[in-house]
């Protein structure tokens, strides 16, 4: 063939070298054990997984690959068979998942609570109250800006439920003050801070959230703000390929004394974020 | 080694060419035997370039045929062509030559050797590794001829090779071509430059508006052309 | 916004050589470079062939290709997601949420660019070289190696354009990769995550690193086109 000019060879060599270097960052060796867990953005954003998953891997050698989505999406991922285990916080939807046959059992794992976050200036005048329903009523009456997850997540489901309990048909009665952003908790907090709006958040994400601006906790402590997490293995009858044994190991570990302790040990700024309650009846 | 049967004479039998629904080259017939320099002469639009392309195989005649004495198609065909504006690859001078040789099927050692020969013969050895496109017009045309010469053609076609060059470069090219003829290469070239035709031609094919009007030895043609068009052309009155 | 904090975060990332951070950078490079390599292997010859061939419907294909250059990354991601999901046609391959899926999605984004730009470059070169190449016996598809080589600088620029597009996108890799920590998290998806966690300095720090990479790539592209101009005379 034609003699190649030296410069072209140099350039080609550089390109191939770079490619080779990047390709040499070998992915997990073929034999590595792993399971895919579909979970929520709130568990991801709070940093819980960074704490407990290495402990699980050290014990079992199983790597847990977490896909973080809204609860609704996570359940759908389980339905499609793209995950081995689903770990979310929307009991009603989880039970439906079991009813549909996509899992054989739902097991409670832990809870945290929701808090109503709002601007320091408190336009709706709800700061300090312990009654979330009264607070929401005031927000709607005063048309104070409110950010909703709007993404079929567990938090979104809880929020919608609270409007219902407050006797407000939010779908019909929402106005420009009610802003659905269709994104995760962190994004919702960012948006609220920028807009000076109220938003329902899980405490864990709030505590680990670094961009608070002038947002503070406006309402907390109401029993109705209780947020329960459950774990489910995807049913092999629906999706034969799921990793049943390893998935069960994970679910077992989460609800075992060891896993429960790991969850309780996770703290930010000395504050515990999640409260293990695997043994609690009716959770 | 391939057979040593010559591809010449080249016989053109009533080869015509139409384009865009118009007849651009009429059915012309002529034969090119081995040796000498034949000039296709005529004003602009006479069909000289088209005729060369028909002979070289770049165009297929719409009617009639172009016949070589022996196989002269595909790889290693023993005729080559140089164009009005030299077509230079975006590579070095030497690489331009070795590329053509590779296309003709020469192996690595042959390519290097024959390219070196050509560079030497055509005075381009010092420029061997320079980008070919940085050469002057005259040098590029020299390279084009050298590149064609390296292919060891029996017949070399040239389409108005000096029309874009200055007089000095033109002289140089003309000398080169005479040298090639002396080596035994048959040359067929077109030109609208009368002086050049007088200087170089052994034989003249005079074309006008696609028709071969006269076919005569150069001496006879320039001494006294038979056709009115040729006479007008020689008098400088036939512009197209 | 505390600019100092941002640059501090970026600096800490690079200098600290934190394995997590390095893993993210190398994964990003691995995915995008592999995608560009594959797109080049497929697209260069295809683009060249498209430049040379003539067949009914050719113009339509060219128009479609040019349009596909602007294919929204999320759409490409969604298409690959539906294909690779366990419930989808290629489910049994188990490729969803892996770097391979990300590479596939990015190939979809880069390939139209490579084919369309190659076609343009080769078509221009062919119209220039045609007579000579045919004269020496390189007609039709046989001319492709010559054209690809002579167009090397312009084509390199095309590949770099493809690289730029792929390394900047987040939609496709997020959907098909799942942003799994330590496995499918790239610079762009990490930025998305850190932003949503409110860790803006870190997100911007990552962004600065990504920008520097893009700048370096563009500098190389510029250099390549300069060298090319020299050879083109």
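Per-chain residue numbering starts at 1, and chain names A, B and C are given in the order in which the chains are listed.
Quick note on the criterion: a contact is a pair of C-beta atoms (placed from the backbone, for glycine too) under 8 Å apart; a residue touches a chain by one contact, two chains touch by 3 or more.
Here the structure is a predicted model, which means the values were calculated and not measured.
Trainee: Identify the chain whose mean C-alpha position lies nearest to the mean of all protein C-alpha atoms shown.
Mentor: C
Trainee: Based on the averaged CA atom positions, which chain is farthest from chain C?
Mentor: For chain C, the chain whose C-alpha mean is farthest off is B.
Trainee: Skim through the chains and flag the pair connected by the most C-beta pairs in contact.
Mentor: A-C
Trainee: So how far apart, in whole Å, are chain B and chain C when each is placed at the average of its C-alpha atoms?
Mentor: Measuring from centre to centre gives 46 Å for this pair.
Trainee: Using Cα averages as centroids, what's the distance between chain A and chain C in whole Å?
Mentor: That gives a centre separation of 31 Å.
Trainee: What whole-number Å value describes the gap between the mean CA coordinates of chain A and chain B?
Mentor: One centre to the other, that is 77 Å.
Trainee: Of all residues in chain A, which are in touch with two or more distinct other chains?
Mentor: 1-2, 5
Trainee: Note the residues in chain B that touch 2 or more other chains, in rising order.
Mentor: Each of 91, 99 in chain B touches at least two other chains.
Trainee: Would you mind listing the residues of chain C that make contact with two or more other chains?
Mentor: 231 - these are the residues of chain C that touch more than one other chain.
Trainee: Could you pull out which chain C residues touch chain B in their complex?
Mentor: The contact residues of chain C facing chain B are 128-129, 131-138, 146, 150-151, 228, 230-233.
Trainee: Over in the complex, which chain B residues touch chain C? Could you list them?
Mentor: Residue list for chain B touching chain C: 56, 58, 74-77, 80-81, 83, 87-91, 99-100, 103-104, 131-134, 151.
Trainee: Residue numbers of chain C touching chain A in their complex, please.
Mentor: Residues 23, 26-27, 29-30, 33-34, 37, 85-87, 91-92, 94, 96-99, 145, 149, 152, 156, 178-181, 183-184, 193, 195-200, 224, 227, 231.
Trainee: Could you list, by residue number, the parts of chain A that touch chain C in their complex?
Mentor: 1-2, 5, 7-8, 11, 18-19, 21-23, 25, 27-28, 36, 41, 44-45, 49-50, 65-68, 79-82, 183-187, 189-190, 208-212, 239, 241
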